[in-house]
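Listed after this line are the structures, all set down as structure tokens.
The two complexes that follow have subunit A in common; it is paired with subunit B in the first and with subunit C in the second.
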Partner chain A sequence: MSGQDSKKTQLIFLFFLLLPFLLFVFSLSIGTYPISPRGLIRTLLSAFSPSSFPDIPSAYRDILIRIRLPRLLLGLAAGAALSVSGASLQALFKNPLVNEYILGISSGSAFGAAISIVFLGRAFPSQIAAFLFAVAAVAAVLFIAGSAESHFISLLLTGVIVSAFFSALLSLVMFFASPYALQALFFWLMGSLSLASWKDLAISFPLMLAGLVLLLLLRWRMNVLSMSDEEARALGINVRREKMLVIGATTLITSAATAVAGIIGWVGLIVPHLVRLMVGADNRKVIPLSAAAGASFLLIADDITRGISPLEIPIGIFTSIIGIPLFIFLLKKTRKVWL
Partner chain B sequence: MSVRVNNLTFSYKNFSLHVDALSFEVSKVTAIVGPNGAGKTTLLKCIGAVLPIEKKSLFINGKDIALMRSQERAKHISYVPQEHESAFNYLVRDFVLMGRVAYVSPFALPSREDIRAADKAIEFVGLTSYSGRYYSELSSGERRLVLIARALAQQSDILLLDEPTTFLDPKHETEILELIRKLALEKQKTILVTLHSLEMAFRYSDYMVFMKKGGVVASGKPGDVFHEPLLKSVYDMEMKIIEWNDRKIVLR
Partner chain C sequence: MTFKDSLDRTVTIPPKIERILSLQPEITRIIVALGAGDRLVGLDYFLRHDDHLFRIIYPQESRLPVVSKPDDSVNKELVVRLDPDVVFASPSEFQAPDSIQRSLGIPVIALSSLGHFDKLLGEIALVGAVTGLEARAQELVAFFQEKIRPLSEHAASVPPEKRPRVYLAFWSSLTRTPVFYEPVNSAGGINLAENLLPSSLGSVQTVVTLEQIIKWDPDIILIQGNFLPNERMVMVKQVLEDHRLSSVKAVKSKQVFYTFGFWYWWDPAEVLVETLYLARMFYPEKFGRLDLAKEGEEIFTKFYRQDGAFSALWKLLNLHEWTRQ
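And then the complex of A and B:
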């Protein structure tokens, strides 16, 4: 690595490690009730001893602690989870166009979380059902695509079929849902951080963190896994076992994110792609930078959707509107090589 | 370090490979030749355990390869594929570093020592000045060298090379074959290489294995086995061998 190169990479790392924190503070302060940075600290402190800060209205405290804080923490974690999951799956399937959507993970976990919400109520953690059905969906995709899993078209088609199946099941759940549950379900499906509560985070956050740490630790091996299976095996990797490990971890973090935030598509495609444009394909850099950039991306997206109109646009709609044209662009650009 | 094949079988669709008994000489270059579809690459992939093999069919120093963990096996045998295609474009040094994966524990990053081993491998194939370049920017000859460097970074005693000279011009072909000889001589590697060029196989190998229809037809020192009747029966065509300055040229 030439000196200039490593300096550039270091600067990129520094920027992207600071960015989520800066955005986090910024996003905490903006909204229908803006709070100044100084006000933020005082409001946070007032949560611990309200009597010391008599001038801070309890409504501000509630907004900050009960609404904004869990929402933004979810944004950070979900953004990191979806981006890292995308980057990992792309390495594993040796194709920069693969994402959790294509593998059916999104639709599987959406269905799982939906039956949990509609039939078991919010009391039962929807993450569990989301994870179980996400595993079922990805297993179905891999089983049907079979040995052809490295051929993108068969993987894509199988993913479409399996996703369609789970979407049909989801419609069935919606058909039987009560009008009240239906409304909640509908809003959640469009992808939104606004439903975040400390209770949901208490389950989803550790799951996402655990999966993220595991994938971060495996980041260099993902370079080897991105080689052909024959090459990876010859280099000394137990390909089957390590693939299962990575798929398990990505399914876990995606379903944990989906169970609380709904389907937020295309983040796992856009973010790793942009990161690779900056630092190249080495997953030692791509995975951690995807985590930081993904967390930042989702916070920015959330700020924009909160800011555009008083009627919040669901963030999933926003990321899809940006992501789909980009996906088409990538598809057109790379079709010759990777389809 | 000895390599012994014992009753090795492998079947895929309507092809089957069967090798009764074959052993490879240590620190020597063995060239595997034969027509297309003879099973050369399959044999190489079986030995490299890239393809699944039955127990008790392949031994290194008396140890059954099928029973070895992939990590342990990779420290003994490295396999250089004929070509490599990837969606992701790695720098040469990152690419070669992947050869160290058998030495790096699952949740760790490569150590300084691993990076040094990779750099040395790059130096051995003469690509040090290319180490900061992207794999896709290289010519096909340079790419073969990168693949060989990655296998060298594995620091295995046995090196399997699948048609390393195919599609190369005569200069690069010679360079690769000289490098292979150098590896056997200087690094005492036991080398198995599949080749299409009979003249080059004769010139650069210590032993030759002739294959046809999934089996071994003949094996031995080039001087002993390289003769017209054998070539004719292996390739099903008339061939004439002309000798010139210790070299053999095949006319067809």
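And then the complex of A and C:
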């Protein structure tokens, strides 16, 4: 790599690592309820010392601390999780078309949420049901694919089959659902950060963080796993164990994100590709940059949904509207897909 | 006879209607209220499986076969076997009316009130004309208007700034709300989400952000209470304890209540009781003495000629709890 290239990569790194933080601060000011920058800073400071700011309206505190902060943190974490999950699985399967839901997570979690919303009502939180069934779907894929770790195409095919199976079960549940339950379910299926609360984050955030840290630690091994299994073994890698670790971590973070935010499409496909188009296929760079770019991408999409109207428009619509044209533009410009 | 339905379709029906299939719960209830229940030949899925009210007002419903499926699709072979003279459908299942009419040659009238009283009363009149029960339809329309009149007159005398500003949380979600709901207007309240979407879209509902609810700062929050108590996904207690809404006037002053709300559109008797209930809630000094149990019984008896129907509903929905203010 020439010195100029290295400098360019460093600049890209710096920009993308700073971007989520800048966006986070900016996003705090976006929303239906107008809060001045001064009011914003004073409200945030009042969280640490309420007695010093007795004149802060309680609505400011509710909006910033109880609505926007958990929502933005969920956006950051879910964006990073979905994007890193997609990048890791693309490297693992050596296939640029793989996304974060390829092992059945989306249809598994959708089925879990549907069971909870349609049949169990308040008795069983939909987030927990979605998480459990997402993990169950991946477990079913691994179980059915059996010893196919050296033929990952079998795993992919099994993922497609298990996804189709859970989709059929979902259709069955929807068939019997009352119109009122269906409306709640449709909103969840389209993905939204509006359901974020500190209570949900208390469980999902540590799970996403743990999985992300693990995948960041495994990033150099993903380069080795991107080679043939024989080459990886020759380099002293326990291929089966490492692949299972990557699958386990991606399942954990995608399930945790989906359980709270619903199914948000395209993040895990578009963001890693954009990152590769900028810095190449080295997973040591792709994984951390995907985390930063994914977090930023979801925050921007959510800012648009919160900024343009008082209506709660599902974020999945915007991830597609922004992401797909951007992706097409970059693809046309560079005329290649990195892996 | 020729009619224009809610989809602006012109439908011609035979002069004598003996067999009716209604796939629209609101119309089915009107048919029963008009006294033409014995002409029903089938039921829709919702009324049989999800509606706890209909079996109270029309206990004979169990004799009727269910013609539609949970996804609102229709068993056309069964429709042919039942041989109705006319079919009523909901315009929201927009393919059903044309599909049934085209493939089976049976006239289909698509109707719904969409939260408007004039449309509801228009439906009663139209179904009265279809069934030849115009006098009974007129009687019910007049009764409805008579009950609403004092409330509307009072509402008209209250300047807008003095009317309670109301947010409605319907359809099992705190943030899903109807963009038009006439019981609130007639009772003298302001539905904060009214006209949030352009009326040209014909939308009934939308989903708003939590911030928008805080920005509106409603005086009263109403939650759809037509669900059985154990099936309610949004509850008064839960809203009162939601820290995110702690700055909202309605929460601070504990003005969060159940109301009936839509139940696959309306039950004409129930929505009348609901409007009285809301007027009593909004203006206790004027309507506080209104005996809801007595009024409800009178209204349900007038519509369904069934003693005890309202007290059965009272018990089912635990109305005792939510009308205690």
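The definition used in the following text is that the second predicted complex is superposed on the first by the 253 of 339 C-alpha atoms of A that agree within 3 Å, B and C clash if a C-alpha of one lies under 4 Å from a C-alpha of the other, contacts with A are read in each partner's own complex, and residues count from 1 in each chain.
Note that a residue touches a chain if its C-beta (ideal position, glycine included) is under 8 Å from a C-beta of that chain, and two chains touch if they have at least 3 such contacts.
These numbers were taken from a predicted model, which means no experiment stands behind them.
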Given the touch rule stated above, what does A:P96 touch, subunit B (first), subunit C (second), both, or neither?
first
Between subunit B (first) and subunit C (second), which does A:L235 come into contact with in this model arrangement: first, second, both, or neither?
first
Looking at A:K8 after the superposition, I want to know if it touches subunit B, subunit C, both of them or none. Which is it: first, second, both, neither?
neither
Let me test your reading of the model: by the given contact rule, A:R42 touches which partner, first (subunit B), second (subunit C), both or neither?
neither
Touching A:G280, do we find subunit B (first), subunit C (second), both, or neither?
first
Which partner chains sit in contact with A:R221 here, subunit B, subunit C, both or neither? Use first/second/both/neither.
first
Show which residues of subunit A both subunit B and subunit C reach, each in its own complex.
none
Can you list the subunit A residues touching subunit C in their complex?
31-33, 57-59, 61-63, 66-68, 121-122, 174-181, 183-184, 187, 194, 197, 306, 310-312
Using the touch definition from the top, list the residues of subunit C that touch subunit A in their complex.
46, 49-50, 69-71, 171-173, 175-176, 196-197, 206-212, 214-215, 217, 227, 230-233, 243-248, 264
Show me the residue ranges of subunit A that touch subunit B in the complex, using the header's touch definition.
1-2, 5, 90-91, 94-96, 217-221, 223-224, 226-228, 230-231, 233-238, 242, 276, 280-282, 284, 337-338
Touching subunit A in the complex, subunit B uses residues 45, 48-50, 69-71, 73-75, 77-79, 81, 84-91, 93-94, 98-99, 101-102, 104, 106-110, 132, 134, 150, 154
